[in-house]
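Labels run A, B, C and D following the written order; every chain starts at residue 1.
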Amino acid sequence: MSDRSGVIPSYTPPEFRRPKLAAAPAAKVVPAPADGVLPENFHATSNHPEYVHLGGGEWLLAPESRMDCVIVLSGRRLEVVEPRLVKKGDQVLVGRTENGEEGIYLHIGGFLNLSEPFADKFSFRSRGTRETPFSRSYDELYQVLRHDRDHGYIVWVLGPAVAFDMDSRNAMQGLFEAGYCHALLAGNALATHDLEAAHFRTGLGQNIYTQAIMPMGHYNHLDIINQARMAGGIPQLIDKLRLDDGVMCACARKGIPYVLAGSIRDDGPLPGVIQDAYQAQDAMRVHARKATTVLAIATQLHSIAFGNMVPSYRVEADGSVRPVYFYVVDMTEFSVDKLANRGSAQAVGLLTNAQDFVVNLWNHLKKQG
Amino acid sequence: MSDRSGVIPSYTPPEFRRPKLAAAPAAKVVPAPADGVLPENFHATSNHPEYVHLGGGEWLLAPESRMDCVIVLSGRRLEVVEPRLVKKGDQVLVGRTENGEEGIYLHIGGFLNLSEPFADKFSFRSRGTRETPFSRSYDELYQVLRHDRDHGYIVWVLGPAVAFDMDSRNAMQGLFEAGYCHALLAGNALATHDLEAAHFRTGLGQNIYTQAIMPMGHYNHLDIINQARMAGGIPQLIDKLRLDDGVMCACARKGIPYVLAGSIRDDGPLPGVIQDAYQAQDAMRVHARKATTVLAIATQLHSIAFGNMVPSYRVEADGSVRPVYFYVVDMTEFSVDKLANRGSAQAVGLLTNAQDFVVNLWNHLKKQG
Amino acid sequence: MSDRSGVIPSYTPPEFRRPKLAAAPAAKVVPAPADGVLPENFHATSNHPEYVHLGGGEWLLAPESRMDCVIVLSGRRLEVVEPRLVKKGDQVLVGRTENGEEGIYLHIGGFLNLSEPFADKFSFRSRGTRETPFSRSYDELYQVLRHDRDHGYIVWVLGPAVAFDMDSRNAMQGLFEAGYCHALLAGNALATHDLEAAHFRTGLGQNIYTQAIMPMGHYNHLDIINQARMAGGIPQLIDKLRLDDGVMCACARKGIPYVLAGSIRDDGPLPGVIQDAYQAQDAMRVHARKATTVLAIATQLHSIAFGNMVPSYRVEADGSVRPVYFYVVDMTEFSVDKLANRGSAQAVGLLTNAQDFVVNLWNHLKKQG
Amino acid sequence: MSDRSGVIPSYTPPEFRRPKLAAAPAAKVVPAPADGVLPENFHATSNHPEYVHLGGGEWLLAPESRMDCVIVLSGRRLEVVEPRLVKKGDQVLVGRTENGEEGIYLHIGGFLNLSEPFADKFSFRSRGTRETPFSRSYDELYQVLRHDRDHGYIVWVLGPAVAFDMDSRNAMQGLFEAGYCHALLAGNALATHDLEAAHFRTGLGQNIYTQAIMPMGHYNHLDIINQARMAGGIPQLIDKLRLDDGVMCACARKGIPYVLAGSIRDDGPLPGVIQDAYQAQDAMRVHARKATTVLAIATQLHSIAFGNMVPSYRVEADGSVRPVYFYVVDMTEFSVDKLANRGSAQAVGLLTNAQDFVVNLWNHLKKQG
């Protein structure tokens, strides 16, 4: 574990010797009646730390949790599983209280009970509006990203907007090449328009610098998709056309893994896009399990999808627990609140334009090395 | 064909004897080099009527067109095909002009060159904002729906918002049972929350009338999904729980076909949800081919997806051509404009709350029979 | 006082015999040092009931309160006064606690401690989003308006949007003529465009039914303003041009008082518009003192201005206390929340289109008489 | 006149020798029938260059024009006057055509008929959305501001949002002190919250850096207003409290003139706020006559008000004509479009957060000196 003093707050586990918890029964499990079917009274997880009492004072923290899943007990190991992936006979945790009385304890304040000045510094604050002062949120974001570049796992969740503008594409490339991205989650559109820009300098046919609508430009994204399908893949396309800049090229050059999830809005799709929505979820969850910081930008669909998968905490290899940061960048309070209301309570909303956001972020981070 | 005088405008085909078109060459086709790969210079369709010159003055109208697809010539028949569905060797139309010089003619004004008062009455107007006067758009919508209930094919594209409110659920049920719906397109969320409401009277745990947040209500949608999975399907769930009201029950009772497209945001999913995004597109396209009026409400994802699939015209069994109406109901100009910018130029945006919209629509239509 | 059982909740005053309040000192006052200048430590009002202890157990409720004003003690009478209207030597209440310890007691829960089912029925609920179920809010609004038409004082605060559409202008006229309006607050624009529509059938030059942009239509609002200035007033204009429909004609016909507050955006202005912002505040406050229900529609400026002036309660002639209802109709959560955050905590936000809102409201109210 | 080559496009006047214009009659004037009342058929101005034919081939350009005003001929001088300021007997231009046939000629393309590459570089582009690529707009803005700092007149129109955040207040101060502001237009709220921040480090009681809601913080803006009223003015307040940072202090230190226009939403107001809406318009118009670049940020009210007053061109002392740049920064397309629809066709909308915008702008400008 890295030295996190001053950047990442430490975690205080529950006091299991408190009378109420000391007297808690062991949690109960019931076998799943069929594949993908849960027993009655199943317990659903949140994205906060939940402890399960196995009896005799042994409480286990569910690792790699997420919203609206179930806990399967396997020997003395807990696994947080999507209901559709539960197998007949899996031992599924039941009980809907979270205060210990059924052996389940939800621990909300683990990162909050710090002495000053940390309590103030790291406290989660209320969600903002476009008029909220974001200076400190930005300062913290810079700190967190610098820390997690080397000692964490930064996941970007991107809508296509960042590919429509020259400066923001350059900034994304800079950020990715400087090590600030460990995984990219997006849809067919982001990849398509980024590759369109790499080849044609347009996004949906509009020049990404001059804003000029190019003649026949509406063919550009169809042509790039067709060329990618002909080439057999995005890496092959990049080679064949000698594409060099933008998001997808940065991923290729730096070996950054990406998940492109298909949707019913897609043209194409590009080869490599995952067609099945739930296979795409599984591929995204792989990164949710590792994430320490998430930047979800200008995509309500992918932001909420990934927000549902990401816990508010992460158990490190050494057993220590740290918070997971989740930043949502969007233009409307409605989109940001929707994510928070779906359960990602730790999400920090930054109400601004996606292109400006990434340009500023990169200007700031590159300056200070 | 029904008597449409006074409601549905008639269509004026192009004047192929005009010198420019009379001199047009036959269009060219090139075989597709591989499955799902297009020949260079392929011609992409819009959602407007396009005519292809087969030579000798024989011009064919591409039937059942849509945005961003290609035209495959098969004998003397034209088919508008998604690029991913093109097979190796298919004869794909090439050429990117639309004025006849390569044998392809895009005909925009077919519904506009009417004598007064029809020209005014049926002209497509500019897109609106929240301050646009919508009185006449509503009056036309009422007329069109009354006509198309019996003589057309009305497709609803629904986001979950309409299921969150008692009055709007009742209105949807009323509209569907009165014959104003021939197909429903939605996602897992609409069906889930509608069934949640049918069983628990809540939407995401909030009472759909009193707005009260119910204790443990956040389990409701997970429970209804689990019960559906246990029952083996939505129809079985409806039977087993004796559900009786709302959108999905109305579909069941009236035999209205529906397509539920999966997405990465889904919990569950419910049985019957189509997992693969492109199989879902194919299922939606079936209804796009038949649609005469579309109401797309409170869902940017599904609205744009279906908007890309729906032509602005429909060729009836008797060969006559009529317009396809596409209404988008949303709260933001951005969402409505985005659909229009993606090519559904005929889309009429109604900027309002989805729940209000359906309540008012039903109040109006039921009153006048 | 009217019989309000079943519609308007009753009020429970504080228990002044509780030890904490029984032991409270008399409140202190300090004379204002100059006209429009407050003494240090002045007490600022909220829009909730506040009681002031005059000593000896005599607690007075500040009548006709509002946000961010001060309480002036005059003999044994309390008056809630805008700071700019305080005169040198006025006895201004000081103290910033609200729990009695300085003789000031803020009473929040007066309308909430009712026995079931009233507690539930009348409880103020949380603010909504566009996806909130509004069925019950509408049902309550209908009830409240029917009650207050005869036994209350209904104030409409209108932006110009309702004048841009034929159906909504007709609905406004219907509502006003049926007695559902006791005062209208608006700006120059609402009156201008309503009179423009009465004379030219346009709003900013666009036909209010067909949406057609009329040739030279951008002169229409300038012409109607010029004619009003020539005529010497809005009533004279109505006579001279024999205007007959819409909002301003309904006011004229029914003798409904209105306040038109000038703003820096105005063309003209129309005669009768109040030029001075603070004279306009004073004119609006006259109606704030009487209001029992407020409908603030499609105007952030006027909604927040009036929201700051309206108390959450009203003391009737017989000394009884009732709630004041405040409905805000707007398209964005941001606008609605902004009002609530500025202190009008009782505001119920209805997220929808202003035109639809008034059309539906009138359809509903006229049907049931 | 400065050397503007490469930054500010030059202007091509109309070809008055073209037959249509050569044959134009002299324009007609009619005396105003009363103070503030216009003759029938009055001509209303736009914000584009309009030429008036005095006869004999003498065409005069209306200087310092604006939307929706009239042209008064005084000797051989044209003045663009607000209708309310017209005096009885003023010679008011009449005629509603703009192609010369009544001696009035509207000249739209004066800045567009340039040879390449200028035509492209300086062409006004279509309005944007949140997904528009703004890279080039920013680059142009930087150039224009650097030029106009020394050779133009830069007017800022500010909503209160920029005062709510530490970084954006610092950036505003930096920009103003570096010479990038020649006049500030705002309301009571901007000044109040900026002074609140200077004294209390809060905006509406919330810490402008930490976001913490301060105890009793809702008194802060009332206290600062009261202190300003006691001190007798904003300059006196700054002296007395030794305020040192933010927008108002920068204005005081650099002698930047400001207009604070009162509104019905105001608390206070601060001394110096103009109470009368139309006196405020007159004070704003003084700066509209001089403006070469306008930055209107996060205020729909003031942006539209000033947008109505600012011409799209400015006649320099040497008779040369240059464009006036008008940038609108807002979070919603609706607000930006509304300004454009009210006639400020040259307005460039930048869809982003106001705080980010000014921070980035200052980061960029200070870097390059």
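What we mean here is this: a residue touches a chain if its C-beta (ideal position, glycine included) is under 8 Å from a C-beta of that chain, and two chains touch if they have at least 3 such contacts.
Model, not experiment: these values are computed from the prediction.
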(message) Tell me which has more C-beta contacts between its two chains, C-D or A-C.
(response) C-D
(request) Give, as an integer number of Å, the spacing between the C-alpha centres of subunit C and subunit A. (result) 44
(message) Nearest whole angstrom, what separates the Cα centre of subunit C from the Cα centre of subunit D?
(response) 32
(request) Send over the residues of subunit B in touch with two or more other chains. (result) 130, 332
(request) Treating touching as the only link between chains, describe the layout with one word: line, ring, star, complete or other. (result) complete
(request) Please give the residue numbers of subunit C that touch subunit D in the complex, ascending. (result) 33-34, 36-38, 42, 44, 68, 83-84, 96, 216, 218-219, 222, 225-226, 229-230, 261-269, 275-281, 284, 300-302, 304-305, 308, 332
(message) For a test of understanding, state which residues of subunit B touch subunit D in their complex under the given definition.
(response) 129-130, 332-334, 337-338
(message) Taking the touch rule as given, give the residues of subunit A at its contact with subunit D in the complex, in rising order.
(response) 120, 125-126, 128, 130-138, 160-161, 164-168, 203, 206-212, 331-332, 351-357, 359-360, 363
